[in-house]
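You will see subunit A twice below: alongside subunit B first, and alongside subunit C after that.
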Partner chain A sequence: MPPETITIGKSEARKDGWTKASGQALYVGDIPIKHVCIGAVLRSPHHHARILAIDPSPAQMIPGVVAVITAKDIPGEKIHGPLVQDQPVLAMDIVRHMGEPIALVVTEDKTAAEKALAAIQVEYEPLPAVFDAEKALQPGAPQVHPGGNLLCEYDVSDGDLQEGFSQAEVILEETFQVPRISPAYLEAESSLAYFDEDGTLTVVVSSQKPFDDRHHIAMTCGLQDEQVRVKSAVVGGAFGGKEDSELHILAGLAAWITKRPVRFLNNRWESFLAHPKRHPATLHYKLGAKADGTLIALEALVHMDTGAYASYGPAVGGLLTEMVQGAYHIPNLRVLTRVVYTNSPYSGAMRGFGSPQAHFATESMLDILASRLAMDPLELRRKNILQPEDHFFTRVQVGDTARSLPLILAHADQARQRLRQLPAAPGKQSGVGFALSLQSMGLGHRVPDDSTNRLEWSPEGRLIVYLGSPELGQGMQTAVEQIAAETLGIPYQIVDTIDVDSRISPNGGVTCASRMTYLLGNSVILAAHKLTEETLNYAARTLNLPRAKLEYRLGQVILPDGRQMPVSEFCGRAAEDGIVLGASATFSFPYPAERTPEHLPIGMPHMMHAFGANVVRVEVDPELGTVEVKDMVAIHDVGRVINRAGVEGQVEGGAVMAMGYALYEDVCLKENQRWVDSFTEYLIPTARDIPENIEVILLELPELSGPFGVKGIAEMGLVPVAPAIANAVFEAVGVRARELPITPEKIALSLVEG
Partner chain B sequence: MLTIEITVNGTYQQIQTAPNRSLLDLLRDDLGLTGVKDACGQEGECGACTVLLDGKLVNSCLVLAAQADGREVTTIEGLQQLERLHPIQQAFVEAGAVQCGYCTPGAILSAYDLLMHTPHPSDEQIREALSGNLCRCTGYTKMVAAVHHAEKELSHAS
Partner chain C sequence: MQEFDFVVPKTLAEACQMLSDGYGRPVAGCTDVLPQMRHGKLKTERLVDLSRIKSLAYIEHSNGRISIGALTTYEQMVTDRQLHDYAPVLAQAAATVGCRQTRNRGTLGGNLGNASPAGDTLPPLLILNAQVVLAGSSGERRMAVSDLLLAPGKTALLPDEIITSVGFEALPRGMRSLFLKLGNRQGMAVSVASVALALQLDGGGPVQDVRIALGAVAPTAIRCPEAEKFLIGQQIDPITAGAAGRLAAQACAPIDDVRASAAYRRHAIQVLVKRGLLSLSNDGDSHADN
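Let's look at the complex of A and B:
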């Protein structure tokens, strides 16, 4: 039993719930601002074309048009990119994907914006385009960038592959394909730029990384970072897709040039075409095993289509490579991953960051092997799971977190047996499938990975948390407030969080990579200890007592005679003296030497991991090929539950998002050579599609370096779902899906072809 | 331009508007009711713009402002009574059914409409009622639970 807590583990209601449920919450599009101009983007109608001429003058003549901006108007850097500088702010001589920004219009109203966009004259010379990563690497393929189409390559191995395959008693080869996925947060990208009271260029962003946005905006405008102020609005979902600065740069630039307030709101189709998505990939696997199911060798060749620009593609390629191993000990292993430029809309960070792709292949492959060996897929996994003393093929030691695996398998087994009892509806065939998952936390070895926050007592004795990283909707703020309250022994209700504002907030880095509760929680604990010290020092001074005689407990200062004085009393006095009682702290991701050998075959391997599983029961209609997910059990080791409803919400939300990955979603090129770019064609799961029963089982095997034992949980819920569904479909109708999404047509076709 | 007469959240108003605008634009841009959202580009696909028109659930992006002439509109802003959240709003917050919140106003209005007509809905009826409101964060499970919470609250109250 965990010890009694004040707030840890409880489902405290999030503090922004009230404003959100009442419609008062201000997202970027809702912020009232006088005489704000409309910003709109002229986007490429071509997949690949040379720009021969741009004539903005017809648009400039339209009443209500304030400015038309093209690349030549940019005062600073014209190229940006989070990892690789390859993306023009506005296209200059070439466009590389449909939807690429070419010009901006700033207008007094929407009608003028529409007219102005239509009036800009652009002369194009269309070029041949390529949309497939493997084809893009063939000789003679259209070149997307002058340096060639191979953006980067990872080749990581462990053991001796040849030796491994020579010992194998069964060898399987399979190719898997996963689609391009839109994060499809309900609030499309949005940005509002204006000049604040003292004339500073201020950009209010819906973003995962306001401080980086500030840097890119400043570079583009030819300013120093400090000359730009960024603020975080309420964010309507992000899931990795709001790690790119594109629209914020455009908004900052438009305001800087026109000296007017300007708001940019991407339309849904713009969000589909011009913001990052989850990478589509082709994964070719060759797996060798002993007849008893012991895995002995795996060789994987992966091609990822990163689209026209790199975005976070190189980092996603790295993590995908790492995740191919899954939760298994495979002594001889090689993964070769190629991240390739094409003329597709670009891909980048999205929930799972390479892990969902790898898991679909690995977890499907294991079931294929089990079926070949006539073995129970669960027994096959039990035989091969990682042990704490094992190392990943990146050479990073697995460590204690692997202790969760036998428990996860036991829960999965129980769930499986229970779900197998359930009958199928008439005319349907039922199948139960499952998959294990591995997910990393943090950015990876050698990548600066820290977070800073500041705590202050308000004059009335409430605790104020200045977070340097934005809340995206996932509930990180609530978790951090609970950790702060628990550490200081005060009620959760008196902790308030201030949204990111570069003028007052510390730089807390990017909200991403399932790292925030872990990092911020740790830095909040550090800051809370400093704040206690600061408070006692102040109390000692005002009371004229030696500091050593005072103690702090549960929001009270304990005097030598045992009397207690509430902290609020000192906060009030300090405020009158013009003193703020506050403390800042930074926590950096630890890279313990004993778990990281000198030689790392991959540049930035991830050091911390958690395991989980998903068990589903599907019903398949053998005539129509439709798949319904009827029951789901999600089992995850979360280290420690901070807010139960919040963690469950992350797991459930991730799992349902993954149902879309498994069954419906694909941003693909249609026959008319246009991309799927609306919710009319791109169906995400609705309330009607969810399983009738979703059970979430949370295991709590503490991460010793985590605040109260926390592990990162934002991505893990999604990862095992798609292969679990594919495995269940196989059990139901004997069709092995090697390609996502598993559409009714594909199943019906396989059933007909037998 | 034409003048329409419309009662929004109990207040009668006369508004000048271009005839081809959507009710969604009118509510957001002219009346500042930004709890009404657009998440699909006004294509009738997301339900974030849900309002009640003469007590009937509609996607306000699919209604022309002119069609609202002489009618009554309730938005999320009209649901709460003064400083207090409506029990359905409260239930959404307490059940953890609110994450990013962008879908929340629309989903709450759909839940409200359901409970007005079906005071004791089954899970399936709830899922059906919410099926026009896309949510990318919650997986809907906690929303279904929230509607059951609200159902109990409301039946105690009545």
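Let's look at the complex of A and C:
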């Protein structure tokens, strides 16, 4: 049992809970600003076209129009991109996807904005377009960018594939397909730019990375980073989809040019077309095994459609490549991943970051193999799970985290037996399936991966946390506050977090990659130790005692005679002396030289991992093909629970999000050559679709380098769910889904066709 | 979204007058019209909001005849006891529309006026042989629902006409009814296919009367006379029910769209009709799950 704690492990109430539930929280769309202008974007109606001419003058004549802005008005850099500089702020000569921004209008009211957008004259020459990654690589395919359609390629291998397959007694080949999906957050992208009281261009962003946004805004406006201030608003969900700066650049640019406050709020269709999605991919697997089920060789060829611009595509491709291995020892393994430009809406970061795609294929493949060998899928996995002394095919040693796998399998087995006893509703067929999962933490080797945060005592003795990365709604602030409170031995209730404001906050980097509790927690623990030292130094000076005679314990300074003085007394005195008792600390994600392989491309490998599993019971209508997920058990090794309700929420939310991936969601091209771009056609799970009971089993095998033993959990809950559902459907009706989403139609028609 | 006038008449006469130039569109809950306008699929210069004409929201029963005001919401139909007694199939269908919020705003008149092939109250109204009452500047007229619905989004309404009520005979005693809906998810789904059925057996034996209507599988909701004719005098069993399902599948003219293919819709109709008939012949319970 973990030792007694003040707050760690408890379901402390989130401090933002009440304002959000009661509607008082200020999202970008709610922030009151006098005389704020409407910013709106003219977007491409074509998938691919040359722009022959843009005439903004008819729009400029409309009453209420403050400005119409095109690429030629941009004072600074006209191209941006988080990893690859390939994305025009506003299209110049070519549009490469439907929804691409061409011009901005800044107007005094919404009606003028709509009229102005309609009045801008753009002459297009439509060009042939391509929407499929494999087709885009064929000779003669339309070229999306001058350098060709192959954005990047990873070819990572370990062992000897030929030798592996020559030893195999059974070889399977399968092709899997996964769709483009939207993060579908409640709050679409939004940004508000204005000039603050001292005239600084200030942009309030709904974003995962305000400091990077600041850089891109400054570059576009021809300014230094310090000349732009960014602030984090309350964020209504992000899931990776708010790591792209596009709208914030447009807002900053519009305000900088017009010298007026301007607010941009994407419509839902704009969010669908012009912000990143999860990559659609085709995964071709060739798997070799011994007759007893021992995995011996795997060759995977993956094509990812990254759409018109790179966004985080190269990084997602890298992580997908690493995740193909899953939780298994496969001695001979090669993954070839191609990230390909097309004229689709661009794909980028989304919760799981390549892992859900890889896991759908790997975990389906394992069940297909089990079926071929007439083996229990769980026994097949037991035979092949990674051991602590094993290495991933990236040559990273798996380490102690693998000790969770036998426990996870045992829980999964129990859950499976229990769920198999539940009867199906009349006319339905029940099936239980499961899948294991692997998820990494952190950004990968040779990518800056650190976090700086600051702690201060307020004059009244409350602890103020200046986080350098934004809260997205996931509860990161709560976890960090609990870690700070535990470290300093003070109540959680007297810890406050200040939202990111570049004027006062340290730059803590992007909120992403299941790394925040680990990274921020470590940084805050370091800062807390420095703050304690600072406090005792001040106390020694004030009391005229040697520092060595004083101790700090549970918010009290302990004097040599054993008397205690609360820290708050010193905080007040310090404030009177004009001294702030505070400390900053930076923690960098560890990539220890002696253990980190150097032979891989930038961003590879990831060093820290956790494992989990999902067990589901579905009921399938054998005639209509409808699938209902009736029961779900999620088993995850989280290292250490900081806030139980928070972790359970992450796991449940991830599982429900993944149900949409498994069963409903697809941003696909319709027969009229338009994308699915609204929630009438793009279905996500409703309260009636999700199982009444999602049981969450949390294992706590500590990560020794983590704060209190923490591992990352933000993405893991999602990863095993889609293959678990596919495996359950197979058990229920014998239909193997090789393509997501698993729609009723696909099941019913394959049952009819036999 | 385009600019439009929003006018609020207090009486029916005023409403007809506001529509008389042909440039207006009557609305009540706006649950379909506003989304369509936002997506640019519908253009109109004037919305004539009928929702203040309170006299058009009622459900009345007299001498075996039910009359429902056009402004009656789905939720009112779901909770009305008379409807549960005399035309449960309509209450069942109303309960499957959208979510609670849309059921609180959306109206029966709107479902008819919108004329979506997937409108959930339309197949029940067809098997109830319902008639609509229309009011216009030149007076009142009546029309069968089957004559009102012409094509997706198209009705036989004249520009200045308003649907004021819907009337039908209560289902005969002993006639059981059922609505089955298939969507792509459990909650808030647009129908991929739907079926309304009413069945009367001759003393538990052969079929005395049967009515079948289909939704979302043709340009409008349709009745299935071939399947109905086939069933008269037959015992309902898996074979006859399956044959009726196949006749219904032949009667429909579905399209491929993003929700489902035509082939799947045909298949689903066959399954739903067969299942509905078996369910109605086996027990008196009406249940709406699919």
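Here, the second predicted complex is superposed on the first by the 746 of 754 C-alpha atoms of A that agree within 3 Å, B and C clash if a C-alpha of one lies under 4 Å from a C-alpha of the other, contacts with A are read in each partner's own complex, and residues count from 1 in each chain.
Assume a residue touches a chain if its C-beta (ideal position, glycine included) is under 8 Å from a C-beta of that chain, and two chains touch if they have at least 3 such contacts.
Nothing here was measured: the structure is a model prediction, and the numbers come from that model.
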item	value
Which superposed partner A:Ala645 touches (first subunit B, second subunit C, both, neither)	first
Touching partner for A:Ala655 - first (subunit B), second (subunit C), both, neither	first
First, second, both or neither for A:Glu153, with subunit B first and subunit C second	neither
Touching partner for A:Thr686 - first (subunit B), second (subunit C), both, neither	both
First, second, both or neither for A:Glu671, with subunit B first and subunit C second	second
Touching partner for A:Ile694 - first (subunit B), second (subunit C), both, neither	first
Partner touching more residues of subunit A, whether subunit B or subunit C	B
Contact residues of subunit A, present in both the subunit B and the subunit C interface	269, 678, 680, 685-688
Touching residues on subunit A, where the partner in the complex is subunit B	11, 13-14, 16-27, 29-30, 32, 183-188, 234-237, 239, 267-269, 472-475, 645-646, 648-649, 652-657, 678-680, 684-688, 690, 692, 694
Touching residues (chain side subunit C, partner subunit A) in the complex	1-3, 35, 39, 99, 182, 184-190, 192, 256-261, 263-264, 267-268, 271-272, 275, 290
Interface residues, subunit A side, partner subunit C - complex	111, 114, 269, 427, 621, 623-624, 626, 628, 663-664, 668, 670-671, 676, 678, 680-681, 683, 685-689, 743-745, 748-749, 752
Contacting residues of subunit B [partner subunit A, same complex]	32-41, 43, 45-46, 48, 75-77, 79-80, 85, 89-90, 92-96, 98-105, 108, 123-124, 126-144
